[in-house]
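One chain, chain A, appears in both complexes that follow, with chain B as partner in the first and chain C in the second.
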Partner chain A sequence: MGKKMNISIIKSILCFFLVFALSGCLGAREINDLEIVIGMGVDKDENAGNILLTAQVVKENAVGGASGNGGGGDDEAYWNVSSKGESIFDAVRQMTHKTGNRLFISHNQAVIFGNDVAKEGLQEYIDFFLRAHEMRPAALILVAEDRASDVLDAKPETEKFPAMNIAKLVKTYGFTSHLYKVNMKDFALWLMSDTTAPLAPLLTIIQNGENKEIYVSGMAAFKNGKMVGKLNHDESRGLLWVLGEVRSGVIIVPSPNETGKAVLEILKAKSKVTPEIKDGKIVMHIKIKEESSLSEQSTTENLADDKAFEKIQKSSAEVIRQEIMAAFDKSREFNADIFGFGEMLHKKYSNEWKTLKDNWDEIYPTIELNIDVESKIIKTDLLKKPAAPKEGEK
Partner chain B sequence: MSIEKGKISCQQLLFLFAGFIEGSALLIDFTVGITEHQTWMVILAGLIISTPVILSYAVLAKKFPGMNLVQINDMVYGRFLGKIISIYYIFFFSMTLSFNIRDVGELYITFLMQDTPFIFFLIVFTVTCAYAVIKGIEVLTRISHLILVIGLFAVISTFILLIDQMDFSNFLPFFELPFIKIFQGIHIVSMIPFGETVVFLMIMGCLNKSEHAVKNTFFGLLIGAASLLIVAVRNTAVLGKTQTIWTSASFQAIRLINIGTVLTRMDFLIGIALTILMFFKCSIFLYVMVVAVSQLFGLKTYEPLVLPLAAIEVIIAATVFQSPVDHAMITQNAGIIYSAPLVFVIPPLSLLIAKIRGLPKLERGKET
Partner chain C sequence: MFGFIYKITRYLSLKNKNMLQNTESDKNNSEPITPDLEKNLEVIKGIFRDSSDVTIHEFNFGHERKFKGALIFIDNLANKEEIHKNILQPLMYGVLLFRNNVDIDFTKIDSIRENLISMTDNSKVSMISDLLDSLLAGSAILLIDGSKEALAIKPGKRESRSIEEPGTEAVVRGPREGFIENVNVNIALLRRKIKDTELCVEKLVIGDKSKTDVYIVYIKSIANPKLIEEIRKRLKRIKIEAILESGYIEQFIEDSPYSIFPTISNSEKPDKVAAKILEGRAAIMVDGTPFVLVVPMMFIESFQSVEDYYARPFFASIIRVIRFLSYIISTLGPAIYVALTVFHQELIPTQLLISIAEGRERVPFPALLEAFLMLFAFDLLREAGVRLPKPVGQTVGIVGALVLGEASVEAGLISPIMVIVVSATAIASFAVPAQTDSGTILRYIYLALAGIAGGFGVIMGLLATLLHLASLRSFGTPYLWPVVPLDLSGLKDVFIRMPLWTMSKRPEAITWDNCDSYSQSPDLMPSAYKKDDNDSK
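For the complex of A and B:
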C-alpha cells in the first residue's frame, strides 16, 4: 500500500515537471513574428558577383484586419524587401537586417528570375530553392523579361498581392494554352536531363499610362541552365501540342469561301509521340487528336454543315501543324531540345542513345517531324446557323 | 527455458511481420540513390531472393518450438561457438537499432522541427520504445493490427492523391543501369527491409501454435513488400529522375499533393505514419536485443536491462555518425556486408545442422 502511494506521488511530481518541459516553446515562431513571403525575385546587382533578392512579405495587419475604417485605405498589403548577397541564402539572411525576423518561405507562391540572372544560368541559383526545407517543390518558377523586382512591384487591380496575381496568371494557363505552368520539381527534372531544355513562363511589364500591367508573353527556353531564347504564344502552344498539355484555347481559320473567319475553341487535345530511328535518321511521329467547338464565325455563310466542317477541320489541323513547326523551328534556331525528344529516344532506344547523347547538339536540328493531326468539330454551341438572311444557301 | 512468458498467435505474427517491413519504407531511399527508376524491380528481385531464407527462419522456429535464437545457437553450435554467434547477432541488433533511431531523429530535424536538438528526439523516441518493451511482446503484438492499418492507409492514400501527377514513362527504359548497381541494390533491399526480419527468430519462440508459422510469415512478408513497392512506384512515377537528389523522396513526393488547392501540405500524414511505423520497428528491435542479452547472461527476467540498453542505443545513435551522409555511406556499403552472414548464412546453416544432428530431440532432456 505504502509503496503504491509512493509511486503515485513520484508520478504526479514527474507530470508536474513535464508540464514545463513539454510546453513546446523551443523554436516557436508566433504568427506576428513571421515574415510570410509569398513571392521572391532574383536579380543581378550592379556589383558583379552579387545578387539582389527581393522578397514580397505580407503585412499581417493589412490582411487580417478587415477593420471598421474602410479596410486599410491606400495602404499596400505587402512589402517588397530587398537585400544583396553573394548567394541566395546569404541574401535571405542579410534580409534580417531589414526585417528583424527570418523570412518564412513556406507559403512562397512563385520565384521570379530576372533576365540577367536567367541568361547567366539558373543552375547555381536554384539549389537553394530546392534545398531549403521551407520551400515547396510545387512553387512556381518564372522569368522576367527585364528585372524581377519590377515585376513584383507592379500592383494588380483585383488581387492584393502581385505574387499571388502572377501565380494566378500562370495557373490558369489552360484558357489559352499559350504558356505552361512550371514548378520547382519540373525544372529540377529538366536540369537533370542530359538533353531536355528547361522552360519557364516569361513575364513582361506593359506600361499602361500610370499603371504597370503584368503580361505573360510566352515562354523562356533554357539550355544547360542558361536562357537562350523566347517562344511567343503560338510557338508555346505548338510545344504544348506535342507535350499533350493543351487544355483549351482558340484556333482561328478562314471560312471555306474566304469571306470571314471561323473561330474554334479547343475542348480536348491528346498527343502521342513515337520516336523512330530509320537508316540512321531520327523521325518523330507526332499524332495529335483534337476536338473543338465552333464558338464564333464572322461570315454569313452557314458553317454548320458537313462540307464546311471538313474544310474547317482541315485548315485547323493545318494551323496546329504550323504551330508545332514554328515551335520546332524556333528550338532548332537556338538548338535546345524543348520537346524532350532526347528523353523520348532514350526511353525507346536506350542502346543507341549512348552514342546519340554525346552529339545531340548536332543531331537535334536534323530530326524530322512527321506530324499527323486529326481535328474534329464536335459541337456548334447555341447556334445551328448564323443570324443572317437565307441567301447563303444555294 | 525461454525468458519470455508471453504468447502470440500465428495470425499476430503476420501483422508483426508486415508492420515491421513496412517500417522500412523510409529506408528504401538508400536504394533509390543507386537503382534510380529500376527500384521497383530491385524490390521484387530482393523479395524473391530473400523469401526462401526468411521462410527458413519460420521452419527453424517450428523445429525448435518455444526457443529463441540464442537458445537455438547454443544447441546447434555448442556452448562456446553458439555464444560467439549470439554475440555477433546482438551486435547486429544493436547497430541496426541505433541506426533506425537515428533515422527517426534525422527525419524530424530535417523535415519537421529544425530547431529542436537532435538528441531530444532520440531520447523521447527511445524512452517510448523502452516503455513498450517493458510491457512485453504481447502488448506490442496487440497493437500490430492498428499499426499495419495506419501504415497501409498512409501508403495507399498518398498513392491515390498523387495519381494525377504520375508519369509512368518515368519507368522507361526498363534495363538501363549496369548490372553491378542492380546487384548492389538487390543486396541492400534483401538486407535492410527483408533481411532485418531475422529478429523474428527471437520472437517466433513465443508462438502458441507453430503449425501455420510458415504460411503466415510468407503472407506478412508479401504485405510488407507490397507496401514498399507502392512507395517505390509512387516516388518514381511522381518525381522521375529527381527522386535521387532529395534527402527523402517520399516526403518530397507528398509535398507535391495538391487537390484543388485544398488538400495540400500532407507532410503530416507521412510524418505520423512513419513515426508510428518506426516506433513499432524500433520497439521490436529493442525487445529482441534486450531478450537476447538477458538470455545470453542467463537472467531470469529482461526488464532490468531495458533502460540501460536503451540508453546505450541512444548514445550510439547520437555519436556514431556525423551526418546523414556518413550514415548512408556506412549503411549502403558496410552495413549490408557485416549483416549478410547473419541473415543469409547462419539460419539456414543452423537448420541444416539441426537436420543432420537430429536436433532438438537429442538434447531435450538435457535442456530442462
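For the complex of A and C:
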C-alpha cells in the first residue's frame, strides 16, 4: 500500500509541475539588471525623419538611501540617456548601446512630446506607448513648449527626479483646476473619437538665474492629432467647468462696495450639459452648480451678511461664465471640439448625428452656449468679520 | 523525502517482527505463582539477576513469627517510606495487636489484605508475568509462603515535577497551571475542571517494553460514540516497543501521515483540554509527558487561543484577525517579495522600487538565493537558540541579530529590504505556534515556486495547499470546518470571536447527534437591571 501511495503522490507532483509549462511569460529579471525609466521625452532629430528619444533612468547608486554609500552630494540621481532612431521602438532598442540593459518602462511616469513633434502630429509617435505591454496606460502625456529633452534636464529643487516632479505638478491640478491630468488612455480615447479634440498639459521652462524651473503654463489643444494651439490657465478652467472636473481653485471677485477684493475657494462644482437641436440650431445648455467659501478679503467691509453674499455670488457666477466663454471662444478659434460636444450630441441625437458628423468642422463654430451658473458661498472659514476696527464707533 | 518515509515504514515493519520474538520470550514468564515461596523467589531472582535496584526483602511475621513472606520492590520507583509504614509495620508489629485466637489465615492473601494492609491501591496477581508488570509499574509485591497469589500494592506517592506554568502556552489572563509528566496528576487536574460523573477515563496500556498508560478521556453524553470507538480501534492497533511521548501515539493514529498539517492537536493546559472535551472532543493522555493529544482537530483551532475566550470579544476578534494575517505573512512573505522583485516589478510602487533597487545595488546574489540564505540563517538561529541553555541562547540571538541584521547589509551581501522581509516573516511565524511546523515547510515551498514561476507559481502553490487542506479529515471531521463545508453557526468562532452568550450550541462537526443539545442557555445576553422584571416577581 505504501508503494502505491508513493507512486500516486509522485504522479500528482509531476502533474503539478507540468502546469508551469502552461504559463507564457516566465521572464525572471533581477532588479539589478533593470534600467528603471521614470520619464521619456520625444523630440525630432536634426536629421529629417529621425527621432531623438530621451529616457530618464534612475541611477540606483546615487539615490542615497539608508545604506548610503556615496549618494547624496550634488550627484544627480538620474541619468538622461538619449538615442536616435527611425521609430520610437528603434530608439528604445538603440539605447541599449548606452545603457547595457534593456529599458524597463513600467514605471514610466510621464511621456513628454516636444513642440515640433506635437505640431507634426502625435498619432504616429503614440502607437508604441499604447502597444508596449510594459507601458502603463496611466502614464501621463505632456507637451513641452520647446524641446522635451530640456524639460527632462531641468533639475527640481525638492524632488530627486525631474520626471517625478513633472508628474506631481500635473497630478495636483486640483488645487487650482488650471490644468487637467491627461494620461495615455484618455488621450488615445480622444484621438479615436470622430470629433473630440485631445488635450495635454503644456510645460514651459522659465529661466530663473542659473536654474531652470518647470511650469505648467496651460493646456495644448490638438486637432486630428496635431497641436493647434494653447489654452491659458483661465481658459483651461473654463473647459474644466464644463467637463465637471473642477476640484478646487480660487475665484477673485470685487467686493460689493468695490473697495477691495473678495477671494473665494471653490469647494465643490458640478456640471450638467444638455444638448438641444432647435430649428436646426445647436444649443448646449450648461448648468454649473458651484459651492465655495470666503477664504480671504482685502477690504474692511463686513462681507458676512446675506446682501454681500448675494452680490459676491453673482459676480463669482459671472467669473465662471466668462471663463467658460473664453475657453469656448478659443476652441472656436482652433475649431477643435475640446469639450466633447460632438459626443454628447451623438448620444442624444443619434439620428441627426449621421448628417452632423460629416460637416462638424463647419457646425462647431455655430454652436450656441446657454450657461446657467449657480454659485453659492457656504462658509467664511474661521472669521466672520475682518480683523478691522468697527465702523461707526469713531 | 518519500524514500525516507518508506524507509521508516520498513523499519517499523521490521520492528513488529522483533516484537513478535519478544513476546515469545515473555511466554517463559507466564507461569502461575506457586505456593512455594522459595521457588517463586528463585524465578524472580533469576529474572532480575543483573538488576541491582530490585530489592527482595524476606521476612517472618505472625505471632510466633512462623509465617514467611517476601516483599519485592524496585528502589525509588516504589516509595520506601510508605512501604515501611503501611506494609511492613502492620505485618510485623500490627499483627501483635490482634489476639492470638483471631481468625486470620496468614497463608491467604485475601485475609492479609482485608485485615492488615492499610493501603487502598492494591490488587491480586496470580501469574508471574502480571507480577512483573506490577512490579515494574512501581508496585511493591507481597508474596506469602503457601499462597498461590501475590499482592501488588501501589504506594501512593510518586516522584514528579510540581505543577508549573507551561512553557509553550504562556497566557496573560487565565489559569497558570499546566500538565506534568505524571498522568494521574493530569487526570486529577481535568477532574477538578469537570466535576461530572459522565467524564470517562478509559485506560489502555501500550508498548511492549514501556507499558505506558494511555487514557482516553471524554464526556460520555457529549462525545460521539463512533469517535471514541475509532480512537480505541486506532490505539489498539499500535504494536510498538515503547511509547516515550504522546507524539509517538500521534504519529500512529493520525489520518494523513503524509500531510504537513497536523490533524491531532496537543496542549499542556488543563483549561484548554477541558474546553475541548466539553465541545465533544476526546483527549488522549499519555503517562510521562505533559502534552495531551486532543482529537479531532480542525485547522481553525491553530488560530484560537484560550485567551480569546477569557478576553472580551472585541479585542479577541482583532487578535484573531492578526493571527490569520501573521500566518499568511509567515508563509508567503519571502515568496511574495521574490515574486515581486524578480517577476512583477511593475506592481511595486515606483518610489519603493527605486529604494529596493538602491538597496540591492551591491548584492551579488539573485533575490531567490538571497531569500534562501536569510531564511536558512533565521531557522538556524532559532534552532540553535531553542536547544541551548537560556543565557547562551540569548547570546546566540544577539550575535545572530548583529551579524544578520547589520553586518551582512554593511558587507553588501544582503539588501536591507530583505532583512525587513525575513524578520517580519520570523516574527509572524511565532504568532501561530500550532502551525509553525507547516508554516516553515510551506515558506520554503512557496519561495521555491516564486523563484521558478513568480506570482503564478505562488498562486499554484496556494491552490494546491487549499485543495489539500480541504481534502484533509481528522477522525471524520473536515479539517477546514466550518468554512468548508460552510456552517454558519460555526462561523461565530472563526474570523471573529462572537460573545460567549451567543455560542450556545456545540460544534456540529464534532458532536453530530448531540449538537442540538445546548451547552448553555440560549438567552444569556446580559442586560441592565429592569424594573418591570423585578416588579413581576
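Just so it is clear, the second predicted complex is superposed on the first by the 356 of 394 C-alpha atoms of A that agree within 3 Å, B and C clash if a C-alpha of one lies under 4 Å from a C-alpha of the other, contacts with A are read in each partner's own complex, and residues count from 1 in each chain.
Simple rule for what comes next: a contact is a pair of C-beta atoms (placed from the backbone, for glycine too) under 8 Å apart; a residue touches a chain by one contact, two chains touch by 3 or more.
Fair warning: this is a prediction, and the values are worked out from it, not measured in the lab.
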item	value
Contacts of A:Ala188 with chain B and chain C, given as first, second, both or neither	first
Touching partner for A:Ser350 - first (chain B), second (chain C), both, neither	first
First (chain B), second (chain C), both or neither touched by A:Pro137	first
Dominant contact partner of chain A by residue count, chain C or chain B	C
Touching partner for A:Ile9 - first (chain B), second (chain C), both, neither	second
Touching partner for A:Glu30 - first (chain B), second (chain C), both, neither	second
Contact residues of chain A, present in both the chain B and the chain C interface	26-27, 136
Residues of chain A touching chain B in the complex	26-27, 130, 133, 136-138, 185, 188-189, 192-193, 346-348, 350
Chain C - residues contacting chain A, complex	2, 6, 9, 258, 341-343, 345-346, 350, 353-363, 366-367, 409-410, 416, 451-454, 456-457, 460, 464
List of chain B residues in touch with chain A within their complex	110-111, 113-116, 169, 172-173, 175-176, 239-242, 245, 252, 255-256, 258, 264
Chain C partner contacts - residues on chain A that touch it in the complex	2-3, 5-6, 9-10, 16, 19-20, 23, 26-32, 34, 36, 38, 58, 60-61, 63-67, 69, 104, 106-107, 109, 134, 136, 164
